[in-house]
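For reference, the structures are reproduced in the following blocks.
Across the two complexes that follow, chain A remains constant while its partner is chain B and subsequently chain C.
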Partner chain A sequence: MITRLPEHWQYRLLLWPLPVLLLLCYVVPFAGIITWSVTLPELGVDNYVRLANDPSIHAVLWRTLYLCAIVGICALLLAFLMAYCWLYSSSRWQRWVELCIFLPFFISVLVRTFGWLVALRNNGLVNGWLQDLGLIDSPLALTRNTLGVIIAMVHFMVPFAFFPLLSSMRQIDDRVLLAARGLGASRTRVFISVFLPQTLPGLLGAFIMVFVFCLGFFIIPAILGGGSTLMAAEYVFLQMFQTYNWGIGAALCVLMLVLVSMLVWLLMRFSRVERLVG
Partner chain B sequence: MHQTHQQDCIELLVEKARIGQIDRRNFLKAAGLLAALPLAMRSGIGWAQDRPVVIVNWGGDAIDAYRQAWTESFTRETGIPVRIDGSGPTEGAIRAQLASGRPSWDVVDAEPFTSLTLGREGLMRPLDFNTIERSKVNEAFATEFGVAGYLYSYVIAWDKERFDAAPQTWADFWDVERFPGKRTMYKWMNGVLEAALLADGVAFEDLYPLDIARALDKLDELRPHILAYWGSGAESQQLFLDREVSIGQIWNTRAIVLDRDTDGRVGWHYDNACVTPSSWAVLGDNPAGAEPAMRFIDHALEPEGQVELLRLLGNGPSNPAAEALIPEELIELNCGSVENLARQFKLDIEWYADHYGSVLDQFLSRTGA
Partner chain C sequence: MNIYRVGWLAKLLALITMGFLMLPLAAVIPVSFTDKRYLSMPEGDWSLRHYIALFNSSEWINSILNSTAIAISAALLATLLSTTFVIAVWYRSNQWTRWLIGLCMLPLIIPPVVSAMVLYFMTTNVSRIAPSLGYDSLPGVILSHTLLIVPFGVINMLVAISRIDRRIELAARNLGAGLWQTTWMVLLPNLRLSMLTTFLLCFILSWEEIAVTLFITSWEVITLPRQIWSGLRDNVDPVVAAISTLLITLTLTLLLVRMAVYSWRARQHP
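The block that comes next holds the complex of A and B.
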């Protein structure tokens, strides 16, 4: 629940540091990025024309959007199960769920990514176990491809989906569920017709948050993608540092920002942000 | 007693100043405190400047190796302090330095086509061949904006436990019947298109200009067998250590380490490898000024340091005079020896300077999953 501060001007001062920081460290430099996108290598909208027409950039963009969507759906599914489990289980189980969510949350993404590499590679733990159990003859291609990137990204994103979902589930009034049961609905029916619809804003909000977060992923696809899962962030890096096309890199940044802004607008429009974090 | 101790202090100071631990101002202050300024002034330290020359390389083990092979001796001889920055002088990174208006880098260990491209645009300092002794390297390796600091090579390496025969050619690299198992190649394309064309029957001398469409088609054939495109030397090494690949196109420097660390399980040779020089270049308006930067480059072309680098990292000397100093056990490893050069083809720097960016885009969209 949000406690409102009294609306004295002294308290409003407390709000200032963050916007000022954002203005100085983000808005001003980003104005520079926008300028690059229309001035490098020469004045005009050439970079945006290329964004619209270049098949290799389209491939990168589609791959990025597609991966983010899959990761969003998978993370949502797992987070939903865990949040549901947390909500309706004994406190001992709740501790387990919390452990599963919090422990990876505090380990750096780089360490986790290399961890996944050790676990998933051809001679890794998972393939080793599966082969020892006789379930497979030759190792499965679990990483150094798109699948590896998805697994690691889902793992990274589950906590980010868990908290908004849990928050929206906790706001569901138990008495409504009881009333539905009292009126003769089966457990499944209560879940589908009463519980699930009430979590929809949470689901949508969590999905958009995960999706937006994923758009900028760099380390995981760079390490687990086997050099062939180029996503937007790495593509921008490539244009900035490897091939020197700052104009096209900047234009792609602007496009990504527009995309993210639209998604955030959707988030604000269809799902009440304060309920996701409350 | 007092006198000797004071002398000893000055000696220490002079030594510190030589290796760059203190700057001129602090040196003078300390010498003044010791009431020994006149004595200290006669110590013969060349105060070119206060600020160190910043050398930018690609990080990792190369930082320590460059220090041992080059920068410590340079500071000892000239009194000019040096700082090594391992953040990687890619073309974009150098441009970012220059665009800031106040670059903090002096000398870069760049790709030759990077020095060439940036030099042509007037962004790099023309090298001063009065200070840098041009005759220290082969004529082809000293150009207006870059001079080769060492040579390295993209070689075929393979896991000897996977098959008995040794893959000799790129056609062998493509032959998944005779040489089964996964492959790895360089993510940023150098030497990869060339390998594909050689596998497709093109001769060394007909490689350039590269037939890109043909190379990409040939690369498609191998696609199901390429486990990963490695982006860093460490990654390529790990793929062999973990037995994830049976053949790879990797740097000779990593192949040498792999051969040693696996007790010979990983084999490699210079047959059909792609040899290329590095390039010392100096940023335009570099903070330390032209002279110290040129002096450093000249120093780094001395044969002793180059042999030391071969010993430490496996990089081949660019100065032919180094050949006589190479100890017997390292002769075979030198990718720049006359004998080894004859087995390899040379990366065409001009072609890369003109085409790298646009072709890399095509390459990455074809290798993309």
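The block that comes next holds the complex of A and C.
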């Protein structure tokens, strides 16, 4: 039946189903969100005016950007360390690093957030250890505040930063490092002047990726933040399902999309995306 | 390979990081064996009451069944769609197909909460015509999950197909095979294993999807992550610890099997 069709039709049958489905069920509804943002509750750009002027929304936005930046930097440092150790260690070490990266990666964000809730509670593991060591007298407040959210988000992002960093580190030619050693540079010097500069594009790319992923996050702040750490995504969720203020939620979504497009453009401009996934 | 070694300080810091990565998972396990009704460490008496509660609760069992059905269907659809698309792109790649690949990456790049809003809009509008296909219905969730996970399928299949020798297409064409025959009899057999890994990846992603599911379901279709979410929101229910421990054990087992298979294969073909 299909074989009777002319070849260019067979080709179209292979190519088009996915793009058409995405256009109909994803791109067109996005136009609907834009419509919501200018028609709810009434026609006009009121929602965008509010976005530009409302100090409580500004607080949410700044908190989001600042938390994403902190999380991005911390996750990058830890992932860099893990990728570096993976690359230049024995295969037994590599096995352990892989396990520690893959196991959290494949486990649901809810389970991990729950794990942090258990570990960071007032009578949880971390406070217990710190008290046993005599470092603190009374338990530290680690959940229901910003610190808990940062810890859990960094934990979530380490695997996402690990893979692009590792693939950019693998493209470094070992012989260059060897040559630097041979020319008399110390190990620290080789690391700082030869190794690090070559990983910069990878670091920048991984940072932007992690930052973009962080922007849309609301599960971890909703559970660990306890209402004190309202981020943009959770704000949208509340506008949709608690205050039923769809217009402002939609406008915030449009704003986030503009921000993400700019960041992705930066990513494409300054580092080659193919090298990050390869 | 070993011309350049990691110093002891980096190794120590890496060990601490590994502890950090494992900490939340390790913290959950003992809590699931508590004999109290609330979240606590078992003191003296370990009990399985929360596991028994889990398996006796029709809500939890239903959510597991729902998630399984959704994840299998969404992963099948995503694998099928991404495979045909990637094959077409492999045959003929130009400026247009590069734009189409960009289109397919959208659900990956766009923040989950924006996707959630978009899919909420899509499902509620479908509901106006066909309520059983739209908001808070099984087909609606399956379609939404498919759209969300399809970029991962496309990436996985693009990487896989780039490893195929282009000359096999030329050989097949030279021997008189049409496009359909070349696809079905030459390309697909070479992609079987990659399709399987794509399916598994998509299955996991759909199985644990929560952000979008929260937006597009209310009470008809409760998936496992949604059930965990409600168990976490109000008074934290220790049953959550039991199901978390089961999920961690399952994932760990699968990973260890995978690593064993890889090292066994490495020994077979050094």
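To be clear about the criterion, the second predicted complex is superposed on the first by the 259 of 278 C-alpha atoms of A that agree within 3 Å, B and C clash if a C-alpha of one lies under 4 Å from a C-alpha of the other, contacts with A are read in each partner's own complex, and residues count from 1 in each chain.
Rule of thumb we're sticking to: a contact is a pair of C-beta atoms (placed from the backbone, for glycine too) under 8 Å apart; a residue touches a chain by one contact, two chains touch by 3 or more.
Predicted model only: the values in this text are computed from it and were never measured.
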Pick one for A:95: touches chain B only (first), chain C only (second), both, or neither. second
State whether A:240 touches chain B only (first), chain C only (second), both chains, or neither. both
Please indicate which partner A:230 is in contact with in the superposed arrangement: first for chain B, second for chain C, both, or neither. first
Considering only touches as defined above, state whether A:59 meets chain B (first), chain C (second), both or neither. first
Please work out whether A:146 is in contact with chain B alone, chain C alone, both, or neither, and reply first, second, both or neither. first
Look at the residues of chain A and decide whether chain B or chain C touches more of them. C
When the two structures are overlaid on chain A, which partner does A:122 contact: first (chain B), second (chain C), both, or neither? first
For A:253, decide between first (touching chain B), second (touching chain C), both and neither. second
Which parts of chain A are touched by chain B and by chain C alike? 121, 123, 240
Enumerate the contact residues on chain C facing chain A in the complex. 1-7, 10-11, 13-14, 17-18, 20-28, 31, 39-40, 81-82, 84-85, 87-89, 91-92, 97, 100, 103-104, 106-107, 109-115, 117-122, 125, 143, 147, 150, 154-155, 159, 178-181, 183, 204, 207-208, 210-211, 214-215, 225, 228-229, 232-233, 236, 240-241, 244, 247-248, 251-252, 254-255, 259
What does chain B use to touch chain A in their complex? 90-93, 95-96, 182, 187-188, 226-231, 242-244, 356-357, 360-362, 364-365, 367-369
For chain A, which residues are in contact with chain C within the complex? 2-3, 7, 10-11, 13-15, 17-19, 21-23, 25-27, 29-30, 32-33, 36, 78, 81-82, 84-85, 88-89, 95-104, 106-119, 121, 123-126, 152, 155, 158, 174, 177-178, 181, 187, 190, 212-213, 215-219, 223, 232-233, 236-237, 240, 249-250, 253, 256-257, 260, 264, 277-278
Name, in rising order, each residue of chain A that touches chain B in their complex. 54-56, 59-60, 63, 121-123, 144-146, 222, 225-230, 238-246
